[in-house]
Amino acid sequence: MTAAITSPAFRENAHQALEDKQLQAVLGTMRTGFSVKRAEAAAALPEFEALRDSARDIKNHTLAHLDLYLEQYEAKVTASGGHVHYARDAAEARRIVADICRDLGAKTVTKGKSMISEEIGLNDHLEREGFTPVETDLGEYIIQLRHETPSHIIAPAFHLSAAQVEQDFRRVHTQLPPERDLSEPVSLLNEARQMLRQHFLAADVGITGANFLIAETGTSVIVTNEGNGDLTQTLPKAHIVLASLEKLVPTLDDCAQMLRVLARSATGQDSSVYTTFSTGPRRAGDADGPGAYHVVLLDNGRTGMLGTSFQEMLRCIRCGACMNHCPVYQAVGGHAYGWTYPGPMGSVLTPSLIGVEKGGHLPNASTFCGRCESVCPVRIPLPKLMRHWREKEFERHLTPATTRSGLALWGFFARRPWLYRQATRLGAATLALAARGRGKFAALPFASGWTQGRDFPAPEGRTFQAMWAAEAGKRRRAGGKPGAKEQNP
Amino acid sequence: MPQQTAPRNPPQQPRVGLFVTCLVDLMRPSVGFAAAKLLQDAGCHVEVPAQTCCGQPAFNSGDRATAADLARAMIRAFSHLDYVVAPSGSCAGMVRRHYPELFADDPDLRGKANAFAEKTWELTSFLVDVMGVSDVNASFDGVATYHDSCAGLREMGVQAQPRKLLGSVRGLKLVEMEGSDVCCGFGGTFAVKYGEISNAIVSEKAARISESGAPMVLAGDLGCLMNMAGKLSRQNSATAVRHVAEVLAGMDDLPPIAAPAAPATGKPGAA
Amino acid sequence: MTARDEILAGVRRSLGVTGHEEPRRQAVADRLARPERGVVPARGQKTGAEAIATFRKYAGAVQTSVTIVSGPEQVPAETARWLSANNLPARLRMGADARLAAMPWDATTLDVSHGPSAGTDLNGVSHAFAGVTETGSLILLSGPDNPTTINFLPDNHIVVLDSADLVPALEDVWARLRAETRSDPLPRTVNMVTGPSRSGDIDRTIFLGAHGPRALHVIVIDPDMAV
């Protein structure tokens, strides 16, 4: 699928997601899924918090020296017989990949999971250019069959049930006997294994992403549980790595630090099953491996984030912990966010990459509960960065008019304490009167967003400051009482 | 989790400015009186400087200029006091964590904002961590569950303190709900701007509260409490919703949040 | 300007640097010349019998089975036993590893073939370069000795690990690789394998045997038979 953008329709997307009973049933499982496993994994490793500091520091150091590490990385890849291609934007990256495939006379292209591939809409482009891209991560394979996009950065088919997958397999795998039993999830897994094995063996080019790029050795690193990425990159004639600039880390040892926080934060595993370090193409004497090795390094707006507060976002290692712990993501799922990257990390990254005009809803659609930051393995201050987007929107008058005027009105009174007290006194009294002792409102004209699903509690009727002043007055007349000095005129 | 470090030698009878917060001022003044009582019982001299809003709604909406204006007024109003204490982790967190950021580039106010942040506390953590309170001398017959409001928990390290104080209330049994540290979906203006999502989140929270079996839910932030009370009320739930200070101060004769003026079930929490 | 030059210039513009600043260049050169080990968990810092027991514990936690033999001459028999116990055919694919080649495979009824896997082999055997105590992981290097395809294509993967090659952490693997192969530290592929293949993509539940081996069996050679 292309990286089509529906982020401006976030509110409508969210509405649809909330109405989707099947999706809601799936999202309901998040509460006891990833977040519990992550907590257990973190608690089981005494060094975990220190490792988060270490991971943050490694990324900060790398980003501050990114130009030099890029040069070093490129030199090492070249020395190992590989090729580094730089892509300024999505179109350039797509063109580079298609050109490599064409030069090799490729037909079938297998793919390991890559968010960069999603970001640049690679599959549609490869199809248009006459190639057959086949996703091999099971989740990616399923959503490719459904012509959907991933709803989660580490679990692309998170939004689907086994029954939906069964329907898709029966629809697409028509060469298999229709009476076969697919009632058990494991039978779906076996069928996918069988179907994809043929593609692995037939592919001309294998494309993977990279979890890390190591400057010391010119190495790309992928982390998977299935082993699909390894079959993708080992069997074909050529291995193409798609990665964005910020995937760099300086050394093998730095990478080892990052790996310790990645799997624990993502799935609660101590280590993913397959962590693979690839350096260049097949060597003389090697029994297997790809004959060519290409790395496509994508910018697509990232250099513009350096040197700003959004530089911190470039520490992200795509573990998905922020969305696994996000109440908004848990309510509406990943597709509502309307582009490649959902959840809190997407709410910061998406406006950086597609523009705040299109991605502006996302940093606003957060309660700022801070749970994302509290679990981020590289300690990205996600709420703060979302707030920085809100500031940019406010400066550029992109904030909705109702919000702006509401804020202006509030600000007007709050800047004038005497007026504020009169207004709040009046407001509290009026609202309390209107509630007529029921203690709540079932509907309020200025807060229908609230009262559609909830009652709005009624105020007691007087403001604290007025009552305190009155009591202090009484105390003064009665001779005063220490410990309750009146300051409120 | 950031934990505030208590000063080594707190004054004998510290002068505490009660930062009552907009919501308490407007919606539920009893919480302010409960806070004042708890502070006085702990030996504090309580003052209530004239105040409006700390600026958080503006700050979180991207309007830094308004936020800074309101913050300057707050800093001025409370400048003569030893401590600033709020019955809210969210408003205290705004001052504690974000005032320094707001004035980081202002050489005139940076120092004042930092000092102001240093002396600002959430109510229950101030009582426990600064004043050393371990027993509030209150009683309440019933069972309650406690919701950890997000800013208090994650910006101010408020988690053990309210539970410790509630543990000293005679007759009160505290039971934990699943996911007490998960957001209720309030999020300030979020609750209105993205009302449908906010409502979905608080529906989950209401389910966890009901599953706990407790007839009363407590929290330290009125925004969260109004959200949870509004949802439970819409569901015709009998669960009482109260600010933690009300129970700690023994001021439970007041109807619970969103409950009618004369509750038919008698004492709150007995539903 | 080429994309490369434009991107590097963009990075430097954003960072406010020229790329020629000596302290920055020195910081990078130092970091690369002397890699920092960072935070290495204590749980893998074991030796002898304790290391083997810890390796076994973490390997077992991810469904890797482990048996211990006292010498390389026992590996073929243990392999035959494991295949038989799991009702698997007595056929085996392996690379050109000299340590494996020196083992008495002829003393068993196993049908052994050599070379990379083409996808039809049910069982493969490899010799690990190292084992990592901290996570119960195996380190496998590409090359003629242990083809990478054997790590992924067979349904069942048997890995021989010499207990002397058990190291506390991944950092120790890097140190050994750097020491053994000075100028060009890494082979084409270094596989760190921690358990048999699995996927959680259907019904958000983990099932074993996605695309790689369904079973992973480790035979540790420990002359002391300490565990």
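By letter and in written order, the chains are A, B and C; residue numbering begins at 1 in each of them.
Operating definition for what follows: a residue touches a chain if its C-beta (ideal position, glycine included) is under 8 Å from a C-beta of that chain, and two chains touch if they have at least 3 such contacts.
Not measured: the values here are computed from a predicted model.
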| item | value |
| --- | --- |
| Chain nearest the global centroid, as defined over all protein CA atoms shown | A |
| Relative to chain B, chain with the most remote C-alpha centre | C |
| Between chain A and chain C, centroid-to-centroid distance (C-alpha), Å | 30 |
| Where chain B and chain C are represented by their mean Cα positions, the distance between them in whole Å | 52 |
| Partner chain C, residues of chain A touching it in the complex | 26, 29, 33, 45-47, 50-51, 54, 58, 61, 64-72, 74, 80, 85-88, 92, 136-139, 142, 155-158, 161-162, 165, 185-186, 188-190, 192-193, 196-197, 200-201, 215-217, 219, 225-228, 230-231, 234-235, 245, 250-254, 256-257, 259-260, 267, 269-283, 285-289, 297, 299, 303-308 |
| Sites on chain C touched by chain A in the complex | 2-4, 6-8, 10-17, 19, 24-25, 27-28, 31-32, 35-43, 58, 61-62, 95-96, 115-116, 118-119, 135, 137, 142-144, 147-149, 151-153, 169-171, 174, 184-205, 207, 209-213 |
| Touch list for chain B against partner chain A, complex | 1, 13, 20, 22, 24-33, 36, 40, 44-53, 55, 57-64, 66, 69-70, 73, 101, 150-151, 154-155, 178-179, 181-183, 185-204, 226-227, 229-231, 233-234, 254-255, 257-262 |
| Contact set on chain A toward chain B in their complex | 11, 14-15, 18, 31, 327-328, 330-332, 364-371, 373-374, 384, 387, 389-395, 399-400, 403, 406-407, 410-411, 413-415, 417, 420-421, 424, 427-428, 437-440, 442, 447-460, 462-465, 467-468, 482-489 |
